[in-house]
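Below, chain A partners chain B and then partners chain C, in two separate complexes.
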Partner chain A sequence: MSEKASTIQVVKPQTIGQRRWKKFKTIKRGYYSLLFLSVLYALSFLLPVLVNNKALIVKYNDEYYFPAFKSLLASVPLVDNVVSTFQSGESIGQKGNSGDCHYRELMVQYQNEQGGNFIIMPIYPFNPIEDITTEGNLAFAEPLTSPDNIHTRILGTDENGRDVFARMSYGFQVSITFALLLVFVEYLIGIPIGGLLGYKGGWVDLILQRFIEMWSTLPVLFLIIIVVSFVQPNFLLLVLLLSLTAWIPITIYIRAEFLREKSKDYVVAAISIGVPTWKIMFKHILPNSLVPIVTNFPFAIVAGLTALVSLDFLGFGLPPPTPSWGQMLSTGLQNITKWWLVFSPMFALFTTLIMIVFIGEAIREAFDPKTFSRLR
Partner chain B sequence: MFQYFLRRLLLAIPTFFGCTIIVFFVVNLAPGGPYEQQVQALKSGSGFGVGAESSAASNNGSATIPPTALAELKRYYGFDKPVYIRYMIWLGIWPRETDSYNVTLGTPRNVGEGKFVVVNQQNGKYSVIDESSKQSVSDIWYVENAVLDTLGTKQLRVFRTELSGILTGNFGNSYEYREPVIDLITARIPISLQFGVIGLVLSYVICIYLGIKKALHHGSTFDIVSSSIVLISYSIPGWALGLLLLVLLGGGSFFDVFPLGGLQSSDYSSYTLIEKILDRSYHFVLPVISSTISSFAGITLMMKNSLLDNLSQDYIRTAFAKGMREERIIWLHAMKNSIIPIASNIGHIIGIAFIGSFFIETTFNIEGIGKLSYYAILSRDYTVVFAFTVIGVIVNLLGNMLSDIILALVDPRIRFR
Partner chain C sequence: MNNSLLLEVKNLQVYFPIYGGVIQKKIAEVKAVDGVSFSLHRGETLGIVGESGCGKTTVGRAIINVLRHVSPDVHLGGEVLFHDKNGEIHNLLHLNTKSMIPFRSKIQMIFQDPYSSLNSRLSVKQIVSEPLEIHNSGMSAAEINDKVLWLLEKVGLQPEYSSRFPHEFSGGQRQRIGIARALATNPELIICDEPVSALDVSVQAQVINLMEDLRDEFGISYLFIAHDLSVVHHISKRIGVMYLGNMVEVGEADDVYFNPKHPYSKALLSSVPNPDPKQKGKKRIVLSGDIPNPLNKPSGCSFRTRCPIAQESCSISIPELTAKENQLVACPLV
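So, the complex of A and B:
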């Protein structure tokens, strides 16, 4: 008897979430894309200690300095105004340089001096915004052809002598963060409105639908360009501007879901025992309407990324010198003979977008499987 | 059905006004408009366009513009009126000032077309009299004694008004090109439409063929490979692909196969008709590829899924059971129903083809309406921007309606209410 009970416990029924996750894992290209991108995005927060022109560790006269970790700390929002990354050259033995220290140069100097001082640089010792004014930076250096530097620039430099690889990698973090934030704001606006439309129906639905119809006809790109041409855009402003109309698709999905769900028995039961409306909407119906939210998510990210890159390409995106793929592409268009300026950001953009689309396709397959039976 | 479209048409009216009001107010309240630009240009002494060397001159020159001139400039651009009046003038439901002439009391003033008017003042009231016929023309010519500056300098002027705006088909003149906006746009429509329509036709032909083939061989290697390609094409923005193609094939670094941009070779006008067509197509290859790539995935997958959906329906099963030939079932029975979602999508895509893409046109340097609208925003050419807003809204609304009409035509089951 007890044996039987234990065997029953072993065959635990899977929740729908577990089944979907299992199905998702079987779709290899989506699953590995998700793993790869997540790891890459997590790593991108460590960029200041991986790709930076500031040293990881400086040992000078028996004292240790950690400039790269300071800039890691400074990359956190809100803390960035408190932490100063400035380290004057003279304070650690770079003569005649009262400005910010040139660590790559100092490293050579230390090696020549043969003293006890040493510097450990990050793996890729270039910064995305250091330009020709910095030591050892040349405009339009071709990839892998700069032996005069301690480290070669694997993807060359742009017209201002800024390192393409460094800009590309920082651009990844900027782009993904931007897209995630945009989709978050989109959902924050879209889900409640869609829920309201679907749940309330009637006049609320009719009037708000007309409003949405009108709002979706707005030429957003026009408006963004006009606004950006007189207000210096920043990260948050761009997110808000783009989410002006980006919330509409998710609203339409959620409305349809709520319309369908509200007539189901569990909702009627909840109403009959007097559960408040907002609770029915967000605690009862919403968890049952997650499919469009999740399946739409990767495609919303793709749309957000594309929008940011397009705006940057036209020059109405993030303010310079923020590393961004769109800005790199437009530099490439202006210097069309310098192939690495186009290929590098293009490669980054295409691979990222394709991987997200793969993820999206796999999620859609896992959440909303379509089986076609065909008679032969 | 008729009622449905009538209602759609009526609902389009508030949408139109809502949209234009938002755009009009945002654009008008934005600093750096044509009036400010003109003042800046006058200050720097260069007349038009602010030169780089003029920054020094602007400091000492700023005082030299008399306030009266500023006021007149403001009036010329219509910025002396509040923004809601300007909106109504732009619509054409508020009188728009046309000719304005400064006058002095009692002196005849040439007001064009060989006519002279005299302004007289009686009991504080002004009257305008035609010089030759001595008849009062006060109902045509209005008089205003406007205060121009803080010192109280007044300038008497006569002006005529008319009701003309977008509702009467008057889009105004471009500040930048000093030409009617309508002329600017109609000159560029053929160019954008040409490659828009070519792209539209090409993408539909290819996508429908591909979609059918993928549906019939669902799960085969061909299906999987083409799905990957289609997904990749979906994730690439058209202009970015265009840029890549330009670098690869435009003769910059690698192959010199296609031109770097533009629409025609420099000696285009001396070509024969066939040469012209060939030359145009040669220039169109890259832009057309880039502009169609983004709609590729959508149409192909839609075609495939809808055909697959239909193939698993009962009526297809019945047809098979009756022993009909497979080709007949697929092409006659299933296709008829599968084409419905594709057909109804045409309306939206036509809208896109008409408006053009300023990304593609900027990348390939094509003088179409997309590029015109882009540069209009850059140079704050308000009249052009508004014209594009109006056209965009109308095309969008018409495209949606066209989709519905096509849907109603191809699908007899549809009943609009």
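So, the complex of A and C:
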């Protein structure tokens, strides 16, 4: 008897979330786009040890230095004021250089000396904001050299002699972080307001909605142009300015969801128990209204990304030395004959956007209750 | 104590406004409940029956004061008097959210649809412990956990189920979870809004028996709203019959069930299928016509358009509930 009982397998019914995730995984291009972008974004936090002109390990007179890891630490917000990445050239044997050490030159110097000192550089030993054409002892290329030139790397250099590939990879991190932060702020404002409109209904809904309509006519682009003309823009200021009106679309979705959900019996049950209103909204209704939030998310990211790229392209975005795709695009426009300047940022932007759209499409399909969205 | 009043509903009116036109002016009212009065004693079960749309559910929701949350502009009239254990009388109808909280633990509700009445994102333990966290704030987490397991056992669910989610249960089991949630705060009154009409007949019997056991054990009063007459007769001590927002007949369960006086009660009760083949020849009263639109109710007695014994005088005034033999009947002609 007990043997028989042990052969019975308990099949736990799948929750709707598990079913949707399973369906999402069957849509290959969305699933692999999500994997690819997530891995790439996770890796982009390690950029200071992957793409950098500072050495990973320096061994000089039996002492070890780790300058690239120091700059990895310094890339964390708030820590950057505490950690100094400065390492003078003279302190580790680069004669006549009291400024920051030039590790690529020093590596060559160590190899010539054959004194047991060595340097290990990152995989791609260039920094996005250094001018790689001016380094003294190596005959680096002129600004605006094409990748064919043996002295430059994969994607050539731009008009200031900076490495295009390094700028592009750092630009990826900047763009995605910006979009994620923008969407987070959007949701932070939009979801409570939408919930309030939908849950309260009646006059509150009617009047607040008219206010939102008026607010939505705020010309954000002109506002940014005006603000930028007398304040140096930075990352957080741009997020703030763009989120002034960007929270409105999600508010409308959430309002409709709350309006529908609040008349269901589980909400009446919660009221009759005496659950406080804010708890009904966020503990009971919100988890049941996640569908528009999740399906809207990839497209909100796309909107945020394009907003930053357009601002940078027009010159109202992040200040100049920051690596950004929009600024690279406008460089490409000014040097339209230099194919590597035009196509690199275009390709990067296009690929990222289309992958996010694939993810969005797969999510939409996964949340579709019908098995096939087309007749077969 | 046992025979003292618990709840008195006096001339309850619930009107839902209808807006129309360009500036959304109020153009009409749906009189969902129009002057309903009844009273309920401690430990007693009052059944309310009537066809769909007659306002049974609205009466229940008016008593637990949730109508304003769903439709803020609703007009509520009359009185819902709750007699607490100290003999004080409170009118619940116009209390706001905050001042209603002390009464939330004393009046609970069981819902018709066991699928939509449980939040599918919360586990059984979270669902049942929520009222405890609100009303018994002195309880520790371990005490709450013990109470939840005890409640689940009381309603016939295995305590191991407490970490599961509602979608893993059948309809009858879900209804038991709803009952456990309603019992959590030791209520004095439970409003049962068609608690068994979504269940299979065999499961209905289990749930009804469970509810009777709980009533006898804890001395709870039920306001049992249903359209299934035999179920209502089985569980109730008294029965009220509603038609189009009005109470047309109230009396002891046996009197109303076996000897209805109001023509509508007669028609309603004759429609109950009888399993006894000896009574096969019993006459069925079939009403003609549809239930009138509550937007535009007939003048006088609202039942007169379908009533087999209606007269001219029925259209003049709304009949009051008056004593006829053992029950109260709102018809002067019987």
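As a working rule, the second predicted complex is superposed on the first by the 339 of 376 C-alpha atoms of A that agree within 3 Å, B and C clash if a C-alpha of one lies under 4 Å from a C-alpha of the other, contacts with A are read in each partner's own complex, and residues count from 1 in each chain.
Here, a contact is a pair of C-beta atoms (placed from the backbone, for glycine too) under 8 Å apart; a residue touches a chain by one contact, two chains touch by 3 or more.
Note that the structure is predicted; figures quoted are calculated from it, not measured.
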Fit or clash - chain C, chain B, common chain A: fit
Which superposed partner A:346 touches (first chain B, second chain C, both, neither): first
Contacts of A:73 with chain B and chain C, given as first, second, both or neither: neither
Which superposed partner A:218 touches (first chain B, second chain C, both, neither): first
Touching partner for A:189 - first (chain B), second (chain C), both, neither: neither
Touched chain A residues, chain B compared with chain C: B
Partner chain in contact with A:263 - chain B first, chain C second, else both or neither: second
Chain B versus chain C as contact partner of A:306, first or second or both or neither: first
Contacts of A:200 with chain B and chain C, given as first, second, both or neither: second
Smallest separation of CA atoms, chain C relative to chain B, angstrom: 5
Interface residues, chain A side, partner chain C - complex: 12-13, 15-16, 200-203, 262-275, 277, 284, 287-288
Complex contacts: residues of chain B adjacent to chain A: 11, 14-15, 18-19, 22-23, 26-27, 30-32, 218, 231-232, 234-237, 239-240, 243-244, 246-247, 250, 252-254, 260, 305, 308-309, 311-312, 316-317, 320, 359, 362-363, 373-374, 377-378, 380, 385, 388-389, 392-393, 396-397
Touch list for chain A against partner chain B, complex: 210, 213-214, 217-219, 222-223, 225-227, 229-230, 302, 306, 309-310, 313-314, 329, 332-333, 336-339, 342-343, 346, 349-350, 353-354, 356-358, 361, 370, 372-375
Residue ranges of chain C touching chain A (in the complex, touch as defined): 61, 64, 66, 69-73, 97, 100-101, 104-105, 107-109, 111-113, 116-122, 130-131, 134-135, 165, 167-168, 178, 181, 185
